[in-house]
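Accompanying notes for the structure given below.
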Amino acid sequence: MEDLLRKLANEFLQRPDAECFIGYEEGPNGSVRPAFIRRPEDIHRLVWNQKCYPNLTAYLPDFPKQKRVIGITVKGCDARALRELIRAHQVERHSVYVVGLPCTGLKTPGEDRIAERCFGCVFPEAFQYDAALGPMKTPDGLARTEYETLDNLSNKERREFWKLEFEKCIRCDACRKICYACFCPECILDSTQPRWLSRRQNLGEKLFFHSVRALHLVGRCIGCGECERACPAGVRLMLLNRYLQKQLEDLFGYRGAGILEDAPPLLTFLRDDPDPFTGGFE
Amino acid sequence: MMSWQRMDRSDLPAAISVLQEKWDVFAPVKRGTDIRIRQQPTDGKIFLGQTKPLLPLKMLFLPEVEDLFSFTIKGSTSDIIPAEPLTRERVVFGVLGCDIAALEILDHVFLGEPVDGSYNKRREQTTLIAIACTGDGAECFCTSLGINPLEPVGADVLFADVGNGYFFKALSQKGKRMTETLRAFLKKPSEKELTDLSALVPGTRGDISVDRVPKDSDRLWNLPIWEDLARRCLGCGVCTVICPTCHCFDLEDERRGSSGKRFRSWDSCMNTSFTKMASGENPRPTKRERIRQRFLHKLSYYPIKHGLVACVGCGRCSARCPVGIGIDEIIVELAEMEG
Amino acid sequence: MSSENKSKAYQPKILVFACNWCSYAGADMAGVSRLQMPPNCRVIRVMCSARVRPEMILSALFKGIDAVLVLGCHPGDCHYSEGNYYTRRRGIILKKLFDAFGMMQERFQIRWISAAEGVRFSETIREMVERVARLGPNPLGKDHGRFTP
Amino acid sequence: MGKVRIGVFICHCGSNIGGFINIHNVLEYTRGLPLVKHTEDNLYTCSDGGLSSIKEKITEHNLNRVIVAACTPRTHEALFRRACEEVGLNRYLFEFVNIREHCSWIHMNEPEAATEKAMELIRLGVMKAAHLVPLEAASTQVKPATLIIGGGASGLSAAVNLANQGFDVHIVEQTGKLGGLASRLWKLMPGDRLAHEFVEPLVNTVKKSKHIKIYLNSIVKEISGFIGEFNIEVKTPQGKKDFSVGTVIVATGARELTPIGLYHHGELQGVLTQLELEQMLKRGRKRFRNIVFINCAGARTPDREYCGRLCCATSIKNARYLREISPSSSVTVLQRDVMAFGTEFELEYRRAQDAGVRFIRYEPDRPPEVIGEKKVSSVRVYHTLSGEEIMLPASMVVLTTPLIPNEGAAELSRMLKVPIDRYNFFLEAHLKLRPVEFATDGVYIAGAARFPVDIREAVAQGIAAAAKAAAPMTAGEVILEATIARTEPLLCSGCGNCEMVCPFAAVEVRKDDKIQNKSFVNAVLCKGCGACTAVCPNGAIQQLGFTDHQIFSMIETMAFEDGSDVF
């Protein structure tokens, strides 16, 4: 498979309009990291395995639009991110050359089991690619894998849970900056006029930070789990994202960002949406 | 002058209690996989391993958020009440050599003229008990920077865990005061017991050629490596937050009508807005300039000014970087450029 | 009487966003009709309930304001045709976010109040104040939710 | 702009505010707020004296922000803004604080709490004012044509008036003929003129006018657009008709309540409504025997609390006519009270009494009882004054029922985005200050669609609405909303959220000259709702006058009791 990957990358780099090819390479201490290949002699560095965590589409908005073509490898989740980036005018389809990766779930670092971020993955197959490393097959049972949720926690337990989680948070902002969907030139959370968020490390400010992050990702989160991977403190961010995605599905039938061409659920409405706000107070 | 004394494993909790009578005691605490330096015993049980806490020791001297003073504006003048940085002397238990070495780097900044009052007070009133570290992380390379993790310079007391017991050795006057407080628990070790100490051997990589990196920033300024790194770097800034030697901070006024507080908080040169000016101008507009700043500050500007490299080889940044950027790798690459 | 004693003991402060066309007019109508209600609410006028970005609600609650009430036209009656439909979806999701955190659920409400519904406005305010008074002060209010050092 | 200098003017509104709020304390408090350079109180800030004081103080103290703490911006904002503008202060540097409707009037029994609340409301206003910036409004053309919905007395009066001024008028009438309710009446009072003598000339004038186009048996299906250009779709028997107009007048009128089942109406022969009686009179019936009127039938009840307003006059009118036409008849009016208001109706009331009409008062909790088998025979009623039940022989019972809005009001309210009340009567922008306008620009109201009116009032309102509608059409242009959205291109990522939620297609993402995607706002199409601002992830698009910064500063000052970080 890697031979095919290298062959495709090589072919791509021969194109006169090719800018670079974004794939994966071996990193320090047995890790895998993003690789930016510009010269054919570097193509041997490209790898594809179950440690290819980074969502490479996060790099695409960095490139000047509509100039040269970027080659990129995408897993299923990344393909959804790409579709979402195209919808949000951040990437133009004709300026990317997409190599689909037949992902069957990533592995937990250092262990031989599927990473938790892939549990419940409803759409591991890449799509809308220009070439693929093999037939896309939905791995058995991945979508049905049970993952940790907040469902069984009481209000009080949830409160305690997040209090501890956010106490861990060191406000490094890595979760925000690694996210493919965070492409604003300047984040509202960095704004000084108004100063929505101060640098205080208290619960209120951390709640605000994580709430805004979660809300801005409503209908845009593709569940890739990069936020949680980037978090040095191990804050369980995916619990929040998944919880909200589940609500979108239950309430508005929204399956997830990039799966269909649906409008993001908070940017559209139905006249007969559920209305919990009509009555008196329950 | 001062020599090793031995403590039975079972005596440690009682010893800590004795320390608490005189000092606020801080030590690493493990919750799940999260290791932090926290206060004892309110914030949990001591973790006596060699895994680095997520946030380095600097957090006790340059806190993440620190009130500097409160103020009340009265017409054209204002009343300023400085914040009190410490109310009680502190002892920090189980500190790693890399983190202590990093304090020396911060000292040049905060104790050089003008002296930073609150940092100075915190330094003066804190006793550091270093743990003899054999280095358990693949990312560790402190020995490459001349640090002896078994007996770090700058510690007040040295502590060693030899499996069947603990050893203590005072290294300073502050340290002596502390070991004397623990007199009741400490015994002179036998010759045989002392041999346990020799089993401790530093395991960190000593082959990272930091010295061969040219200090002259002009030669490093336009290297293509910065562009390559900038392409991969996501600018997330984790590296700066968990770095024991990064010490940039931001000042913020919290104004509530005519009174308020000024506080400082950790900042990061990896943030886009770090160098953004009121005019909107940003002298480090792209990740290339920012990532170059981060490495050249550690490997060139700081060494030129203070005579030592501003990296202690703890490897936290390499281990936590989500896209696999390692400072050790960069040092080697820059050194090779020279060679 | 007992409720009066309670409200003496603790007076919640409630931030109300009201859309200019229906709810603010409804509040005016309540005033014109001299409908008496507890003095715990502060109305911020916006042109449409859809103008209220969630960050406003979040920052109010996380900075310690006891409750936030967003008032808009009845669905279908929005002066701008459809603004309140967005308000409704956002409100639902914001409530779910609070559910995920296990906090603040009751401190945030949305209600639809037309320009004619002065009575409904006053009843909504009264009920909201009573409900929040029962909940007690916003736990993030006292020391601005600061962790122990 | 220099440093912010705020002037705060606090209105007593006679005793409306001052009677419940300690203005002295509020003044003291306001004086201590940051950036406030001048404070004063006025008995009526909206009076000439108050307005001149604002103008003087702006100049005297070099104020660059003005706050009036008084009533509601919905009625008085324009007035104060104009005052600021007259002395060269941009009208958008004015901020309104509502301490009457939102404070003094609703906390009348808690003067201390109300005073405290007024202070805080002013503090929030000061915060917002500190962040105000001058705005400039754009303008748009107004088409010289009006749509009048309803061809009754008020609609026709408006039509004639506008046509005489040379404007094109489209009348959409849902029935098959013009004239409305008036054309179904017999005689009008006061004046004793036959109704058709009034209605016919009006209808003829309308029919003859070359400026007026009439659509009978038609209804308005769709209205889009805004002042200057409303696009109208009308369903006519000949099919769909589309046209556009600059203004719209709602004159859909009202109809008599048909009280099926009430007092056996529709069950017993001889139980009629006033309108049914008038039509009987119109047909020329001359002989009447024992007639009993029951007033307030179906009005002022828990279901329909309002007073029909014209019912008493109608019963007085018809009772006297009956006595005059058929002097042998006995006519009794059962009433709860007689609302014979104004200069004429009281005289008419006396005339009716002099003509031999009996007025008997009944109690709402002991209403009259209509008795009969198949045909009405008598009415039993508790006579309040004599304190006993009496039986009145009755060959005919006439129920005086109130007017209710015509059908379709709710639908129209949705299309025009204007409010209606619980009975489906339309609500004007302001009861006293803007009685024939809606809050929506370019849409006006006349006649019984608002509340029951007599013909004089219907005509007066029709002409008033015409005058109001003529103003922007004569000017040919209107100044648009200035509190519209604007994009800061340096912050905009071009994600398109704003474009997706804009109800007016006023925002669009397109490439700028650097070929980057950015959002652009069309100032004419933007109505300033702010929906785009709320969905912009990083606040790149802002609704002017309601920016994140302005609103956030109010939230923050409310959260922290004593101010915000702006100073």
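Brief remarks on what is shown
Each chain carries a letter (A, B, C and D) given by its place in the written order, and its residues are counted from 1.
Note that in this section contacts are C-beta pairs under 8 Å (C-beta built on N, C-alpha and C of every residue); 3 or more make two chains touch, one makes a residue touch a chain.
Since this is a predicted model, take the numbers as computed values, not measurements.
Comparing chain C-alpha centroids with the centroid of the full set of protein C-alpha atoms picks out C as the closest. Contact count check for C-D and A-D (C-beta pairs in contact): higher for C-D.
The distance from the centre of subunit B to the centre of subunit C, with each centre set as the mean of the Cα atoms, comes to 46 Å. Per-chain Cα centroids separate subunit C from subunit D by 27 Å.
If you average the Cα atoms of subunit A and of subunit D, the two centres end up 52 Å apart.
Annotation: 33 Å between the Cα-based centres of subunit A and subunit B.
Residue positions 490, 501, 535, 548, 552, 556, 560, 565 of subunit D each touch two or more of the other chains. Looking at subunit C, residues 54-55, 59, 63-64, 76, 82, 86, 90 sit in touch with two or more other chains.
Residue positions of subunit A with contacts to 2 or more other chains are 186, 188, 196, 200-201, 266-267. Residues 20, 27-29, 31-34, 36, 53-54, 58-59, 62, 164, 168, 170-174, 177-178, 186, 190, 198-201, 226, 229-230, 232-234 of subunit A are the ones touching subunit B in the complex. Taken together, the subunit D residues at the contact with subunit C in this complex read 72-74, 98, 100-103, 105-110, 113-114, 116-117, 120-121, 124, 413-414, 417, 419-422, 427, 431, 439-440, 483, 501, 503-504, 527-531, 533-535, 543, 546, 548, 551-552, 554-556, 558-560. Those residues of subunit C that touch subunit A in the complex are listed here as 54-55, 58-59, 62-64, 75-76, 82, 85-86, 88-97, 99-103, 105, 109-112, 123, 127-128, 131, 140, 144-147. The residues of subunit D lying in touch with subunit B in their complex are 34, 490, 560-567. Of all the residues in subunit B, the ones that touch subunit A in their complex are 31-34, 36, 54-55, 64-65, 138-139, 228, 231-232, 234-238, 240-242, 250, 252, 254, 263, 265-266, 268, 271-273, 318-320, 322-326, 328-329.
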